[in-house]
Amino acid sequence: MSYIDVTDLTFSYVQGGQQILQDQQLRFDQGTFNVLTGPSGSGKSTFLRLLCGLFPQFTGHLLAGKILLDGQDVGQMSVTQRARKIALLFQVPSEQFAMPTPREELVFTLENLRTDPAEIPTRLERVLAFTGTTQFADRKFTTLSGGEQQRAALSVILALDADIILLDEPFANVDPQTRAFLLKRLAALVSEQGKTVIISDHDLTDYQFVADYLYVLDPAKKQIHLADPAERAQRFKAFDQQKHQAVAVDLPQKDGPVEFALHDFATGYQQNLLSQKQFQLFQGHLTVFTGPNGVGKSTLFNAIAKLQGYRGSLTWHEQEIAKLKAKHYNRKVALVFQNPVSQFMQVTVKEELELSLKNRLANGWTKDQVQAALVDLDLAGRQEQVVYQLSEGQKRKLQILLMLLLGVPTLLLDEPLTGLDLVSANKIMGYLQRAVKTEGKTVIMISHQLTNLAQYADYHIKLDHKELSYEATL
Amino acid sequence: MNPTVLLAVVLVCGIELSFARVITANLLVIIVGVVVLVYKHAGWRTYLRLLLVPLLPALGVWFSMAYFAVDHQLHYAWVLATRIYAYSFLGAIFTFSTTVSRTLASLEQNAHLPTTFVYGMLAALNFVPKIRSEVTTIKASAQMRGITLHFWSPQLMFKGILAALKWSESLAEAMTSHGFAENQPRTHYLVIQIPKWNYFAAILTLAIFQIFIFSAWP
Amino acid sequence: MNKTRNNAWHLRDVILLTLVAILTGVLYFGVVFLYNALSVALTPLGLAPFGNDLILGLWTLAAPLAACLLQKIGSATIGEILASAVEAIMGGQWGISTLISGFIQGIGSELGFTFTAYKRYDMVSLSLSALTTTIVTFTWDLFQQGYAAYHLWMIIALFFTRLLSIWLFGALLVHAVVKLLERSHMLRAE
C-alpha cells in the first residue's frame, strides 16, 4: 500500500449524468512531487477535490470506489482530521479566504484546528516567514496581487501542517517571479519535510526538474495515468518548443490611423501595474498582446473598456475615454471577457443568438452567415441548450461568435483561445482575421497560446516590467 | 462595553421607542448619543452626517402628521420626527463602541450564535468590492450587447446571483479546507468576556430608560 | 443532498444569502437617491410616506428571494435578517431600526410560504407572501411610523401603495429572476 491509494473511483456531478472519472486506479508515494496535467476543464480540479474530501461533500456523487490517505478512508474522516492531513490551494486566489487579512486568516485556521491560543503567535510568524508573507500580513486581501495572495494561501496550508499539499492550477494569476519562488518552496517542502505535493497545471513550463512524476488526465478515457519516460519527455518538450518557436512579425508604420493612444498613462488597483509615457495601438489590424501572468494585461483591457479607472490620458480616436458615455462607447469598443459566462445575458443558445442578431450594428452578420458559422464551429443543433451547460470550448466559441456577429468595430479579446483545441483555435483565428481584413475591424487579443498565431497577427505587443512595447517576433 | 450586551440594550431601547410617545425619551437617547460621540472623539463629519441624513425622513413624517393626522396632533408629529433622530443616534452609539468583526466574535463567544452564521457572514462581507465590480461588469457586458439594464431588470439580479452561487461554493470549500467545521468547537485567540459591571450598567441604563418611557413627560 | 427537505443551515447557504443581500444593497443603492428626490418633492405636500411605501418592495425582496433560493423553513426570515444586518453594516440610513424592521419584514414574508406549507414557490405563494408582508409591516408601521393617526383614506391609500410595491418587486421581479435561474439549471443540483 502506498501513501495515497485511489481504487475504482467513479464520479459524476449529476446522478445519471456524464461521468468525470471512470474506474480510476492511482497511487502516490509519500515525499514525492507530482504534477497532474490535461486540457482545461477535463476534471483535474474535480480529482483534487475528491482527494481532499470536498467532493462529494459539497457537490456530486461518488458512484464507486474509495480513496485511502495513509490507510484512512477520506469519506470517514472529519473535516478537521482532513484539514490536518491534506490541504488544497485554490486556483482563484481571492476566493479562498474568509478573513480580510492574511494574519486573520491564519488565526482563523489555527482556531479551527483548536490550536492552543498561546501557540498561535509563534506558528504564525514561522509560516509567514517561510513564504515571505510577513511584510503584507496585515494588508487586506483586496489590495494584494494574485501572487501575494497565493503566498498567503501557502502560509495557511503550512499552518495546517498537512502531510499532503494539493494545488489546483495555482499560478494562473501569479507573476513569474512569485511562481518560481513558490515552486522552489514547494520543492523544499518535499525534500526537507517529506511532504507530498500534487499540483495540477496545463502549462508544464519549469516543472521538468522538480517533478518526480507526471500524471496525465485523458478526457476521452476519463482516466488519469502515470506518464512513462517517453511520454513525459515528449510533454515537457512540447512546452519548451512552444516558448521558442518565434516567427518574425511586422513592426507598425507609425503613420497609420491610431485606435487608442496612451500618454503618461497609469493603472492598477493598488500599485501601478502599468505606467506608460507614450504608446499607440493601430486601427484596422490584428494585434496580439502578450506578457507574463499577473502583470496587468487584463487591467489595461478593463481600462480601455471603461470597466476601471486610470490616471493620465487614454484616448480612443482622439477622445478621452473617461469622458465618453459607456452606453455609446461600449457599442463601438467591446470586450470579449476572459470568462465566457460574463458575456451571456440569456438562458439558451437560441436566445443569445437572437439577442445579438437583434442588436447588431449596420455591418453585422446576416442570418445565413451566422448559420454557416454555427455549422463550421460545431455549434449547430444546440439551439435549445442552456448556455451555462455547454462545455468550456463550446461556451468560448459561442461567446466569440456572439460578439463577432454584432459587428462591433473594435474588439478586445482576453484569452479567447483558452479551452479550445487546435482546430477550433485556428477556425476562431480565421474569423478574427477575416473581420480585420474584409470588414476593417480592429482586433486586439491577449493570448498565452501562441501556436500558429504569427500567421494571423499583424503586430505583437508585449507588457513586461510595467511597460508596453512592439515586438518583431511572435 | 461588551458588544453583545450593548447590542441587547440598544435593541431593547429601539423596540421600546417604537411604541412610546415620549419626546423626552427620544431626546435622552440623542443626548446620550452625543455624550458617547464626544467621549469617542468622533469627527465633525459624523455629527454633520447624523444631523443631515435623518433630516429628510424626519421632515417628511412631521409634515404628513401635521397635515393629515386625524386631529392634527402636533405633539405626535414631534414624537415621530425626534424618534428618527433617536434611532440614528442609537445606531451611532453602537457603531462607535465596537467593530463588525468584534461584534460577530462576541456573538459567537458570548451569545453562542452558531459559528456557521458568524463566519459565513464575515467571509461574505469581504466580497463587497468583488460584488461591486461584478455589477459593473454585468452592466457593461449588457451595453456591449446593446441592452441597458435598469434596477428593475431581472437579468441584473440573475447574473449577480449566478456569481454569488459560484462564490458561495468556492468560499465554503476553501473554509472547509482551512479546517472550518460547521458549529464545531474552536479555540479563540482573542477571548471576549462580559465583565460583571456590564450587567449592572445594562440593567441601570434600561431602568433609567423605563422611567422616561413610562413617565408622564411629553 | 437527498430528496427530503433539508432544513439545516449550511455554511454555503449563509454565505450565499449574505452575498445576495450585499448584491441587493449594491444594486439598489442608487435607488436611495431616487427615494430622497421623491421625498423632497412629497414632503411639503405632507405625502412623504407615499415615497417610502412606493419603494419599500426593494428593501423587502431579500426575503422571498431567500425563500425561493433555499426553500427551507425560516429562510425568508433569516434571509431578511441577514439582509438588514448587511444593510446596517454597509451604512444604511436607518441604523439600528433596520435590524428591527428586517425581522418584522422577514416574518411577514415567511407567513406567505407557511400558508402554502412550504410546498410551492411560484407566483401564488409569492403573491401571498407579498400580501402577508404588507399586512405585517403595515400593522407595525401603524404604531412605529404613526400611520394609525392618519385619516382613513390616507391609511387605505398607503396600504395599497405598499402592497403594489411589494408585489411588483417581491413577487413579480423575484419570480422573473427565479424563473431565469431555474431555466438555466444553476440552482443547486439534486
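Read from first to last, the chains carry the letters A, B and C; within each, the first residue is number 1.
As a working rule, a contact is a pair of C-beta atoms (placed from the backbone, for glycine too) under 8 Å apart; a residue touches a chain by one contact, two chains touch by 3 or more.
Just so it is clear, the structure is predicted and the values come from calculations on it, not from any experiment.
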If I average the C-alpha coordinates per chain and also across every protein chain shown, which chain's average lies closest to the global one?
A
When A-C is set beside A-B, which has more C-beta pairs in contact?
A-B
How many Å are there between the centre of chain B and the centre of chain C, using C-alpha atoms for each centre?
17
Could you state the distance in Å from the CA-based centre of chain A to that of chain C?
38
Per the C-alpha centroid definition, the whole-Å distance linking chain A and chain B comes out as 39
List, in ascending order, every residue of chain C touching at least 2 other chains.
12, 180, 184, 186
Quick one: which residues in chain B touch 2 or more of the other chains?
119, 123, 155, 162, 167, 169, 171-172, 175-176, 180
By residue number and range, which residues of chain A touch two or more other chains?
58-59, 388
Contact footprint of chain A on chain C as seen in their complex
12, 180, 183-186, 189-190
List the residues on chain B that touch chain C in their complex, please.
10-11, 14-15, 18-19, 53-54, 56-57, 59-61, 63-70, 73, 76, 79-80, 87-88, 90-92, 94-95, 100, 114, 116-117, 119-121, 123-125, 127-128, 131-132, 135, 151-152, 154-158, 160-162, 164-165, 167-169, 171-172, 175-176, 180, 182
Would you tell me which residues of chain B are touching chain A in their complex?
101, 119, 122-123, 126, 129-130, 133, 136-148, 155, 159, 162, 167, 169-181, 184-189, 191
Given the complex with chain B, which residues does chain A contribute to the contact?
49, 52, 54, 57-59, 78-80, 83-84, 87-88, 90, 92, 94-100, 105, 107-117, 120, 141-142, 156, 160, 305-308, 326-327, 330-331, 334-335, 337, 341-343, 345, 355-356, 358-360, 388, 402-403, 406, 408
Once bound in the complex, which stretches of chain A touch chain C?
13-15, 58-59, 347-348, 386-389
